[in-house]
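Written below as structure tokens is the structure these notes are about.
Labels A, B, C and D are assigned to the chains in the order they are written; within every chain, residues are numbered from 1.
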Amino acid sequence: MSFDALYGLELTDCSDSLVRARVPVRAELTQSEGLVHGGVYSAISEALAARGTEAAVGLEGRVAVGLSNLTTTLHPITDGTIHATAVRRHRGRTTWVWEVELSDDGQRRCAVARVTIAVLDP
Amino acid sequence: MSFDALYGLELTDCSDSLVRARVPVRAELTQSEGLVHGGVYSAISEALAARGTEAAVGLEGRVAVGLSNLTTTLHPITDGTIHATAVRRHRGRTTWVWEVELSDDGQRRCAVARVTIAVLDP
Amino acid sequence: MSFDALYGLELTDCSDSLVRARVPVRAELTQSEGLVHGGVYSAISEALAARGTEAAVGLEGRVAVGLSNLTTTLHPITDGTIHATAVRRHRGRTTWVWEVELSDDGQRRCAVARVTIAVLDP
Amino acid sequence: MSFDALYGLELTDCSDSLVRARVPVRAELTQSEGLVHGGVYSAISEALAARGTEAAVGLEGRVAVGLSNLTTTLHPITDGTIHATAVRRHRGRTTWVWEVELSDDGQRRCAVARVTIAVLDP
């Protein structure tokens, strides 16, 4: 079992320029105030960026590894489903940059992330 | 059960200026290459920053909520224990800023994070 | 004279949700390799975010002040004009979040920034 | 003339692990409220990180280029001198990471930055 399975990532689309997923909220994803833990947004964001990058570089035998992740929380989520969309903003030789938006069931943007993925030779 | 319990946070020190914790590595914390998932570093960092802030503002009936989290991964961890130390760098009226270092059993610095916590009236 | 005048900001559009500007490249904006200095991208990004926020909150007598600025450089610019577009991503009571894109004359995206602006009572 | 000269960087120490500089505040460095412009803090931070990296990699004929820069403003500066200290936190093969602190004449920490520098073959 991986970390993505532990917190419940459900990938719905995955290409090298757009990745979508959802994560059902449950008590195990919250912090002491009952809000979804900020680390969940960071984890989802990094997962989507890495998988989108892998969709291309994996075919060349190269590996995608998270380098940096800035997650900004805008509104709390307490229940329902987290909806995440990652869009590629830069495709370099050794780094890819993705923007990720996370929203709630009411389509309110609740967190945004910028994730840089390193592309390495194995 | 909270998210911190799900991934296995073990808090060892907690004051409003310094927080320490450890997280044993297990398969459920890794991504597809067997490395600890970057989201785990982000989650630990945010947890420590929030708890350190709560140590002070909770006494005043105020609430600490994650606002932004930049986690930079330096070296992979694949096994053993993640050791985390958060040091407060700024204590404002509405925001606190923390620096977090995460290292492996060999005391190699493996990730660093800067976390901003918002302090809100309930 | 302000810093925006010193480096040569030319604002072309400014509303509370979209701000555009350009900056002509000259030797005084470069670093030792002849590339535009990363600090120029950061300065432009922060200026646009602050001015867009001020466009709304200034009317209420409130003040917009930069809180955090993550600028990621994607491609170098060495001459011509820097074109910058800032789009608001979040409008909170005390913080606004903007995404900024900076491109060269060939419409290549050369840097992206995420800027958080604090809105304060004077 | 370079951008560092334009805003007035005065380097006082420069090694591959520690760099110090100061910048006298003048009207040309401020924004509309009379505070030092956030872009000045970003520019200083990126300059110090790049110069510290160059101190080592320049000898090998390699080039240091800014990759990402997160600057967080803590307190305003309106006059006097900006004092900046950059400490290296990571020295990788292709990326170096630096933490920068900027303070005022009263030794109050006014901004902090995390800068990642890419090291490239020319």
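Throughout what follows, a contact is a pair of C-beta atoms (placed from the backbone, for glycine too) under 8 Å apart; a residue touches a chain by one contact, two chains touch by 3 or more.
Values in this document were obtained by computation on a predicted structure and should not be read as measured data.
Asks: If you apply the touch rule, which chains end up adjacent to both subunit B and subunit C?
Replies: A, D
Asks: Which pair, A-C or A-D, has more C-beta contacts?
Replies: Answer by contact count: A-C.
Asks: Quick one: subunit C and subunit D, Cα centre-to-centre, how many Å?
Replies: 18
Asks: Any idea how many Å lie between the Cα centroids of subunit A and subunit C?
Replies: 26
Asks: With chain centres defined as C-alpha means, what is the inter-centre distance between subunit A and subunit D in Å?
Replies: 31
Asks: Of all the residues in subunit C, which ones touch at least 2 other chains?
Replies: Those would be 67-68, 70, 72, 116.
Asks: Okay, in this complex, where on subunit B does subunit C touch?
Replies: Per the touch definition, subunit B meets subunit C at residues 67-68, 70, 94-95, 116.
Asks: Report the residues of subunit A in contact with subunit B in the complex, numbered from low to high.
Replies: 1-7, 27-33, 35, 37-40, 42-47, 50, 54, 63, 65-73, 76
Asks: Within the complex, which stretch of subunit C touches subunit A?
Replies: Of all residues in subunit C, those touching subunit A are 70, 72, 74, 89-90, 92, 97, 99, 109, 112, 114, 116.
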